[in-house]
Amino acid sequence: MPSGNIVIGTIGSDAHMIGAWVLQKALVGAGFNVTFLGAVVPQEEFVHAAIETDADAILVSSMYGMGILDCEGLREKCIEAGLKDILLYAGGNVAAPLELDRNWPEIEKRFKAMGFDRVYRNTVTPAEVVAALKSDLRLEG
Amino acid sequence: MPSGNIVIGTIGSDAHMIGAWVLQKALVGAGFNVTFLGAVVPQEEFVHAAIETDADAILVSSMYGMGILDCEGLREKCIEAGLKDILLYAGGNVAAPLELDRNWPEIEKRFKAMGFDRVYRNTVTPAEVVAALKSDLRLEG
Amino acid sequence: MVTGKVTNTRLSDDEFFRIRDEEVLPQWETGKAIRDLDECIAAARELSEGKNHALRFLEAKREGRHILIPQFGRALTEYMIEGIGFVESETAIVPDGAWNLYSDSYTRKQEFAKAAAGIERSRKEGMSMLNGWPIVNFGVEEARRITRASRLPLHFVTCDEDARLASEIALAAGWTANSVTSLQECISHSKTITLEEEIRLMQYDARLAAIYAEKGVPQCPWNTSHLTGYDIAGYHCFVHVTEAVLAAEQGVKCQFLSHGINMNLLQDIAMIRVSEKLCYEYCQRLGYEGVEFIAGVFPFLGAWPPRDDEANAMIAWNAVIPVLGGFPGMILKCQDEAFATPTKEGMARSVRLAKHMLTLMGTQRLPDGEALRTEEAMIELEVRAMLDRCLEIGDGDMAVGLCRGVAAGWVDTMVTPWKHNPGKVLLVRDAENALRYLESGAVPLPAEVREYHRAKIAEREARERRKAGLDMVVQDIQAFSTLP
Amino acid sequence: MVTGKVTNTRLSDDEFFRIRDEEVLPQWETGKAIRDLDECIAAARELSEGKNHALRFLEAKREGRHILIPQFGRALTEYMIEGIGFVESETAIVPDGAWNLYSDSYTRKQEFAKAAAGIERSRKEGMSMLNGWPIVNFGVEEARRITRASRLPLHFVTCDEDARLASEIALAAGWTANSVTSLQECISHSKTITLEEEIRLMQYDARLAAIYAEKGVPQCPWNTSHLTGYDIAGYHCFVHVTEAVLAAEQGVKCQFLSHGINMNLLQDIAMIRVSEKLCYEYCQRLGYEGVEFIAGVFPFLGAWPPRDDEANAMIAWNAVIPVLGGFPGMILKCQDEAFATPTKEGMARSVRLAKHMLTLMGTQRLPDGEALRTEEAMIELEVRAMLDRCLEIGDGDMAVGLCRGVAAGWVDTMVTPWKHNPGKVLLVRDAENALRYLESGAVPLPAEVREYHRAKIAEREARERRKAGLDMVVQDIQAFSTLP
């Protein structure tokens, strides 16, 4: 049974927190229990919060363009901590150079390879994120 | 010996006269004798003015996009009137659709085929036109 | 020479229908299909349902909203339908938009045989070889296809001299705005026609619009001052007011004032305010009650820069002025302006840019203040002087006065192909880019106004340490199209 | 908890050099190369010849011109040189331009090892995997290569908390503007650092700039209020004035005020005028003579639209405000803003667009008037209340007062990652898109100001027929980035 508990924050040295803040409001509005970690969140803190709250999913925001560097190894840390099956989403402006941002299939490939379940551009709407979570967690719409 | 006499005007039903007016000022400034016919000038009027003034060149402005249609037959009329070798320049916005304007080699080809010596886009400067005239007429710079 | 035969008098039904049958409909074979005016009006009522220019604009004015007005014109109906559909689906222009649809220049000069050849040629070449849609050659049924293809009110851009048959076809197709112009057309597009004859032709267009409106299809013809693109603010206003009065006499109750602007925020806003105010005032004074005016901004009609980035700046600045001025109508040019008639892609991009300006600017307005009031006062003095002189020498008849004013040489502007224009006026920009009289010829400028213009030019001369003269005039003509 | 140990006092040379040797230079191995400060200053003098930020901006201010400031930052020096060269040759930015060059966020947080990995990774991937240029890892000689590659003054964008080593390298390379910030950095980029510590770090940067200037290399550090992108006008001004005073105490004589704007013409212009005025006034009042301020506009720091056309509108509107306000500095974002760090092509396009806005607008200014004066008066009342309270509870010491103000909860703004921010403030836009306090927490707003904000919000509520609340706040955050 999914708990409906979600951990959300902005990873690495990234200080952008408005997107995650907006998302958090939308998720709460949709009935999830959200632990909001703010910005500049190390991988360890995500994992720790997920354990503490028995979370179904970790939503990693990365806005400042170094998301690929910051997200590497997170799935491994989750596995080590016994969160093998936890959902991992990433979203935001994950790539610093435009050439990579324009090459979205490549970004998807890389995040999948890192063990993320989904990765979103910053044009995603909170409603789409809610829908994806509900579907992945088999919660009714 | 070239006379340095130039006829200039806007051809066809075309009412744009500012470009030709500006050009006329530049040509006068450069020492040419200019007969300025204004706008909405039929082919016949160009030929007639060229004969009257013993002109070296006819400068046809066409701004409104139908220059190809309006210029067809002008060289033939010149030849009939005994102005076989008169220089013919065209310039302005000669093509109504952007696809043709972007395909400048095609426009050049068509104007050459119509018997024009040169054709210019509207980004040409009056100085460039003066230089071309002087060179074609072998007047010193 | 002014014959005095053309006066500001409403066409009687008899005259109107005589002209219609003898002069207008026979111009081209497509005139036949619209012989029955009542039938046309009935069809127009249905076709324009939900997309009436007058109703849409009056509502926008009441509610302080802006209407975006892209332009389009290609040789073939298919291209028209495709382009209109593209812009309406690729942008958020519906419902707060309208179309400015123009015909080619052969049609504008009644050279329908040439237009026919252009249609053929376009088919053969597989692209538009005409600079607009030949409405007369295609006729009313094709025009109705266009009406049906759009969800917006349609305006038919006037012809150069004689727009009557084209107007008839457009209105019969459910387009709800033709043009009521006179001096505008002479200055912009004509070479030899007399102003009297132009006024006579225009009176027909105006009366036609009024008849449609009287019979239940509200019309909002355009009263424009696009002119040469290089005309002083006062001249723009003067043209609008004279045309407003002439159209009002024919019974036109709603007019869209499409102002060509000069790109100076303050002067343009002042110009449009004065123009709108005096349109109301002179109509009222001359006994035309209940005429409504809707102010609009036509993007700079002088030379545009030949690169997207600079054109984007033009589009944006052209949007700032109507928003800060609070004027409902925002006509749009696009990035293609310097090169060729607008593509559908270009118009869509321009609509998006302008629409986002609306989002950003919301209901921000230029606040009132001393500087704006001075500029308005100066323009108003100039325009009143001209209008009153018109009425005086026309013995109260605006049409007669206007014709006499041109003949006498004091109604004057710069660089036009029209040979009856006196051509003694020269304009330059001042230190703030506002347009000023360098030479005012015989224009009856009040001394105060003349002094004001002179002082403003002196400011620029001081700043640039050079004298204003013909060189500066020519440079200014290309001021916004020259790339650095 | 405020320790009171950090006060607004100039660092003595002893302290400065102690910190330099013990704390700053050892941060990374590239610190070694700049050990001899006099040598660095001598080199900077030569390298910055003809492209000094302070001199260029003071001249522009005097002459009423605008300086365009594009931004750029990529992982490798080659990319930097290529990008700078591209923009300088493809546009007319020389000579009236300057560069805003930023480092990556690892560098900004002293994570130099991560930055080193990012450099490697970028080389391997053949593209920039860092969001800026890691100035500390590359060191002074590489920075000098960049100086030589540009014909414009260079500004080094601050680091998140500790910019000291990066500043040292930038100034030693002949870049002539670092940053003098404090609350700005906490609000924008920090999570846990205390304001006292941030002020302590900043004092070093300010003193460093002052030393360069005192030794003949004029400096114009940036005093910025970029903040979260969603902050009220008064808070922007307050940040500027506090930072102005703190930097002045360290001997900084010329400051560039980079104002984050909210996109309301009147409010932004009012904000910047009040900010500049109070920077002068409080510096004077507190005994700092002869400090010069140059006002600049930083483009909207909230969410941008993810499409070129709408981004073009943003760029244009961001240019309108400094021109109409008469502010010399025009920082630029570009069409890439919503997606990724600016490409060189994007920056060039943006420069061209902005440059053409300058051509079009010339010296047009927003005329003075009632509405502008009211807005200014309201902002001024708010900011004075805060500044005076600061000085009061700091016993005349702005640093102490500022720290106590934050701790006491009345220095406050919205949505920041900084955990010491009280976070009781909520902002919404009014009917004209100006930002207003929906909740003002403990901010010491004069009653009049509070009432004004409330009335303005009520106007919007009436117009939209709905109550302002958290939903509206969240919507407003995305107001300019949502495509229709």
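All chains are identified by letter, namely A, B, C and D, in their written order; residue positions are counted from 1 within each chain.
Assume contacts are C-beta pairs under 8 Å (C-beta built on N, C-alpha and C of every residue); 3 or more make two chains touch, one makes a residue touch a chain.
Not measured: the values here are computed from a predicted model.
Trainee: Tell me which chains count as touching both subunit A and subunit D.
Mentor: Where subunit A and subunit D might share a partner, there is none at all.
Trainee: Quick check: how many Å separate the C-alpha centres of subunit A and subunit B?
Mentor: Here the centre of subunit B sits 66 Å away from the centre of subunit A.
Trainee: Distance-wise, how many Å sit between the C-alpha centres of subunit B and subunit C, to the nearest whole number?
Mentor: The separation of the two C-alpha centroids amounts to 30 Å.
Trainee: Once you find the CA centre of subunit B and the CA centre of subunit D, what distance in Å lies between them?
Mentor: It comes to 55 Å between the two C-alpha centres.
Trainee: Return the residues of subunit B touching two or more other chains; collapse runs of consecutive numbers into ranges.
Mentor: Counting only residues that touch two or more other chains, subunit B contributes none.
Trainee: Mark out which residues of subunit D touch at least two other chains, giving numbers and ranges.
Mentor: Not one residue of subunit D touches more than one other chain, so the list is empty.
Trainee: Is the chain-to-chain touch network here best called a line, a ring, a star, complete, or other?
Mentor: If you draw each chain as a dot and join those that touch, you get an open line.
Trainee: Mind listing each pair of touching chains for me?
Mentor: A-D, B-C, C-D
Trainee: Sort out for me which residues of subunit C touch subunit D in the complex.
Mentor: Residues of subunit C touching subunit D: 91-92, 263-266, 305, 307-310, 312-317, 319-320, 324, 349-350, 352-357, 359-372, 429, 431-433, 479-480, 484.
Trainee: Provide the residue numbers of subunit D that touch subunit A in the complex, in ascending order.
Mentor: It is residues 74-75, 104-106, 108-109, 111, 114, 117-118, 121, 127-131, 160, 188-191, 228-230, 303, 306, 336, 338-341, 343, 346, 415-417, 419, 470, 474, 477-478 of subunit D that touch subunit A.
Trainee: With touch defined as at the start, can you tell me which subunit B residues reach subunit C in the complex?
Mentor: By the definition above, subunit B touches subunit C via 10, 12-18, 21-22, 25, 38-40, 64-66, 68-69, 93, 95-102, 122-123.
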